[in-house]
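Below you'll find the structures, each written out as structure tokens.
Each of the two complexes below includes chain A, the first together with chain B, the second together with chain C.
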Partner chain A sequence: MLLAFDWTQLAQQTVIGLSAGGLWALLALALVLIYRSTGVVNFAQGEMAMFSTFIAWSLIHHGLSYWQAFFLTLAISFAGGVALERVVIRPVERAPVLTVVIVTLGLFFLVDGAARWFWSSETRTLPNAFSTRPITVAGVAFSIQDLGNIAVSLGVVALLFALFQFTKLGLALRATASNPDESRLVGIRVSWMLALGWGLAAAMGAVSGMLTAPALASFDQNLMQPVLLYAFAGAVLGGISSPFGAVVGALLLGVFVNLIGTYVDWIGTDLRLPVALAVILGVLLVRPAGLFGRASARRV
Partner chain B sequence: MRRALGIGAWLLTVAAGLGVFLVLPHLVSDFHSRDLARAGVFFIAIVGLNLLTGYTGQISLGHGALMAIGGYTTAALVVHEHWRDVWTIPLAGIAAGIVGFIIGIPALRLSGLYLALATFGFAVAIPSLLKKFSGLTGGTQGLRFLESAPLQVTGLTGKVTIFGHTMTQNHFLYYLTWSIGIVGFALAWLIVRGRLGRVFRSVRDSEIAAVSSGVNLAATKTLAFALSGVYAGVAGALLAIQDEIVNPLTYTFLLSILVLVGAVVGGLGSLPGLVLGALFVQYLPKISTHVSGRSGVRDFVYGAAIIVVMILLPTGAGGFLRRVARPLTTWLYTRP
Partner chain C sequence: MAEPLLQLEEVEARYGPVKALHGVSLTVAEGEIVAVLGANGAGKTTTLRAISGTVRRSGAIRFAGKSIAGRSPEAVARLGIAHVPEGRGTLSELSVAENLRLGAYVRRGRASIQEDEQRVLAHFPWLGDRRNQRAGTLSGGEQQMLALARALMLRPRLVLLDEPSLGLAPRVVAEIFRIVGELNEREGLTVLVVEQNAILALEAASRAYVLEVGRVALEGGSETLRRNESVRRSYLGY
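Right after this comes the complex of A and B.
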């Protein structure tokens, strides 16, 4: 195997891995956004993204172009995320963390059920966002779709970074995440900031879903379940409290999973996730707060 | 006087509980006793998870996989070694307890979500591993007890004779499961009341304070995982005996989720509500199917019910029961 080692293949597989990892990174970032402000992993994040993708499918079905539907779906998802937080999460804001986790599990079944109710369970397709024509860079052929996915993922991450770092709203969001009580004292409407976080997370999930679906031959309501698993694993690998870590973690995971799937025969598709999780467990045992997470110090 | 009344009230509750346990299968149809037996499986697993998550503060998303260890231990002994099914239950518990102990080791380094991911990885890996090692586990097909049926206590006749009583197989499964459940519950209650229970709670409330009071953190956490694993293993063995088949599809991640939902709905850190948690997990899917047979509407109702219950009872049924009983307990246990 070593003799036949092919740098072209390695480069191609790395880009394919980055492309998948980029889409996981968006969902991982959505998880981190909600985790930082409420300390809860939103198990329904993937199903919400799937629901958004079905909305996009309906819009395209009614004659909109892919990108028109894309931006319209973003707006709808944002509003939907805010609404969900107001209706479902706000009543349990002060309940124990595990109670909120169970509520998001309930939300998982609810959103999944709603999607099966509104749209029949037949498989469907979404048009490609980018041309699938390959382009050649330095003798290596890449698909434009993979490069486009990477570009959009990085673009969204950059936009989000700018929002958090350079705007007053972003400052309020960060303040809410780090100290809700004192934020309330300086006049930030903490509860609405949480709702806004849910809206942003829903919109990011929507991007992830709308880019994941075209890459598949067809999709149904199970579209985002594997993506959520990888996003969760990637976010924890990078450190669930660090947005930067989540993105890097998901990208690393994407490349790693794709490369072991390509080069290690006995793993195949079945054992990819367990092997990836085992490696992550190994990393976590050395760095218990993830690669980029900071161990939280607490006064006792 | 009040103390005597308190003990009286307590004994009355226990007697009423045992009475319901004995009479219930005769009040419902034979078919429903089987559902109740299935609820008993959840009950045992939930009691175990509550010892770990509710009392020791260690989250686990992998209890379905521990149940798989128990179920497959039973199945392998029955099918390959031709044991009688009920005698495999203790071994299933021990096997899952050992695996639980091993999963507990990462918990020495990890906490919160990171521990959740570690146990989650275990839950995700088990179905794939079961398919991979098909010689022992039967692969995707799983293992069927049917071929070894004459060796089972239940046999093929559908009737079971035990201690001179003859009863239907479903009644037998009900009494078997819930007897073990009640013994497990009583043991958990003794553990929680005693020294070990205080040690568990001290680890949950503050690890640093626990260590400085002389608690051995490593031993406590792994012991909690092992104990919890024994419960899950016994539950898995009973599930296998009820189904007469083990199959990777039974022990997916969803099973782990259901056990966790049951524990939270029942009330973490309290024991009496757990029966309600088990009934909730067992009957909610049936009730939602009753509302509508369409898969979408069913799941929608299922999710909505979980959310509504959690909004109404944020501390679970246990917290609710405590609140309702508070005037009585305060009155009983205060000196006049």
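Right after this comes the complex of A and C.
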């Protein structure tokens, strides 16, 4: 029985899980970035990523190559994220958390509606970012696309880490997330840091969307809704206040959901989303701060 | 007479509907240590917050010849006013070194910033050994000193020091005031300090203002105030 176990399949399914998990991790990181600076989950994060993906689709249809469109979309998404913060979030910057949550919910419908208005609701496809050929590593065939997704996800995470850890701007962003009032006293333009955070989050979401779409046979405006849910589950699993936790959580979740779908017959592909929801519920019950999050203790 | 470095004229401030300052006027000259004394709720902290722009205020506030009455906290900081707020003004999640770097956030010139770091660390030698420690893991006194060190990294023209003695052991408080006095003497640091502990404050400062319910009730040289009957009874306790 044990001898008959197909290790090749396990390796392949793990890589497929990491590939999906990596894309969730980018969106999870976007959620965490905004959560840390504003204390709310941006429910519109997935729709913003979807909108970015549609921009990429349009650019490609106007003759750009995938990677040209990719980088141009990144820039547009960054600017769009900054603009959204300035116009929509700025007025409620000092409002209670619930107000901001409602605003991001409104943003969800706004961005979703705008995408349906600009682009008809027919399904469309995005070309592959990477070759679809398989590549054989140690006798096991993997898809280059999956490996590419993992590489890009981890690359973006590494870049973001470097920005936060090694640059003055990153230090200011961390200071703002940790204590905005104190940060203003050393001269940091906190309000702009928040906008910058939105820009970065939008750009990361865009990467997630532009890599998620090619793997699907076709996509429409609902593209990122399941991804947002997985990203949220991953962030909760890792700890919504911890960027590192969100990445690890999303990767773990990707592997877990994919393996459970592969090896547990009755789950298959249909019940993966409920599994992710079960993970959210389980983590919130057992360890509300997540694997790497710090329980929030407030000074009284 | 030269214009004072800082000048407040009939400054009012409010928290929502509650007025906390009812017209405070004071001046601080370059190179001076000036104390603001008063009971709890007299408006001491609010006076500093009005200067740094962290509370809504009206009235005239002039700093180095410019009006700063309408400026945001970040703009005020950029003019060289370092506000060390009440209760350990450090970013507790960041390391000691990062806190110091943030102190110099608005400055340009890596070399002079590094030079200043050495100069500042000379006053707080133990901070150097804890560069990589998270600020939140320091003791209360250490955090207060880090907050002061961070303020110095701005190369400030004026330091607003809010209640540095709050919740600290007398020995630590004495050490903080010793360092402030030293900085003032050697480097001509200008300080406006708010303090509950009037004995210490009057020792360090050359002049002081006594606030009562949001107004200046009394002002004068530290010596004069120390001999004042009502100051002695209300704030010095003898």
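The definition used in the following text is that the second predicted complex is superposed on the first by the 288 of 300 C-alpha atoms of A that agree within 3 Å, B and C clash if a C-alpha of one lies under 4 Å from a C-alpha of the other, contacts with A are read in each partner's own complex, and residues count from 1 in each chain.
Keep in mind that, in the parts below, a contact is a pair of C-beta atoms (placed from the backbone, for glycine too) under 8 Å apart; a residue touches a chain by one contact, two chains touch by 3 or more.
Since the structure is predicted, the reported quantities are computational estimates derived from the model, not experimental observations.
K.L.:
Between chain B (first) and chain C (second), which, if any, makes contact with A:187: first, second, both or neither?
P.N.:
Touch status of A:187: second partner only.
K.L.:
A:95 contacts which: chain B (first), chain C (second), both, neither?
P.N.:
First partner only.
K.L.:
Looking at A:260 after the superposition, I want to know if it touches chain B, chain C, both of them or none. Which is it: first, second, both, neither?
P.N.:
In the superposition, A:260 contacts neither chain B nor chain C.
K.L.:
Please work out whether A:172 is in contact with chain B alone, chain C alone, both, or neither, and reply first, second, both or neither.
P.N.:
A:172 contacts chain C only, not chain B.
K.L.:
Which partner, chain B or chain C, is in contact with more residues of chain A?
P.N.:
Looking at chain B versus chain C, the one contacting more residues of chain A is B.
K.L.:
Would you check which partner chain A:229 touches, where first means chain B only, second means chain C only, and both and neither mean what they say?
P.N.:
The first partner, chain B, only.
K.L.:
Where on chain A do chain B and chain C both make contact?
P.N.:
Common to the two interfaces on chain A: nothing.
K.L.:
Taking the touch rule as given, give the residues of chain B at its contact with chain A in the complex, in rising order.
P.N.:
53, 59, 106, 109-111, 113-114, 116-118, 120-121, 124-125, 128-129, 131-132, 206, 208-209, 257, 260-261, 264-265, 268, 294-307, 310-311, 314-316
K.L.:
Name, in rising order, each residue of chain A that touches chain B in their complex.
P.N.:
35, 41, 88, 91-92, 94-96, 98-99, 101-103, 105-118, 121, 229, 232-233, 236, 240, 270-271, 273-274, 277-278, 280-281, 284-285, 288-290, 300
K.L.:
Within the complex, which stretch of chain C touches chain A?
P.N.:
52, 54, 72-74, 77-78, 82-83, 85, 89-94, 98, 101-103, 105-106, 150, 154
K.L.:
Touching residues of chain A toward chain C in the complex: what are they?
P.N.:
168, 171-172, 174-175, 178-179, 181-190
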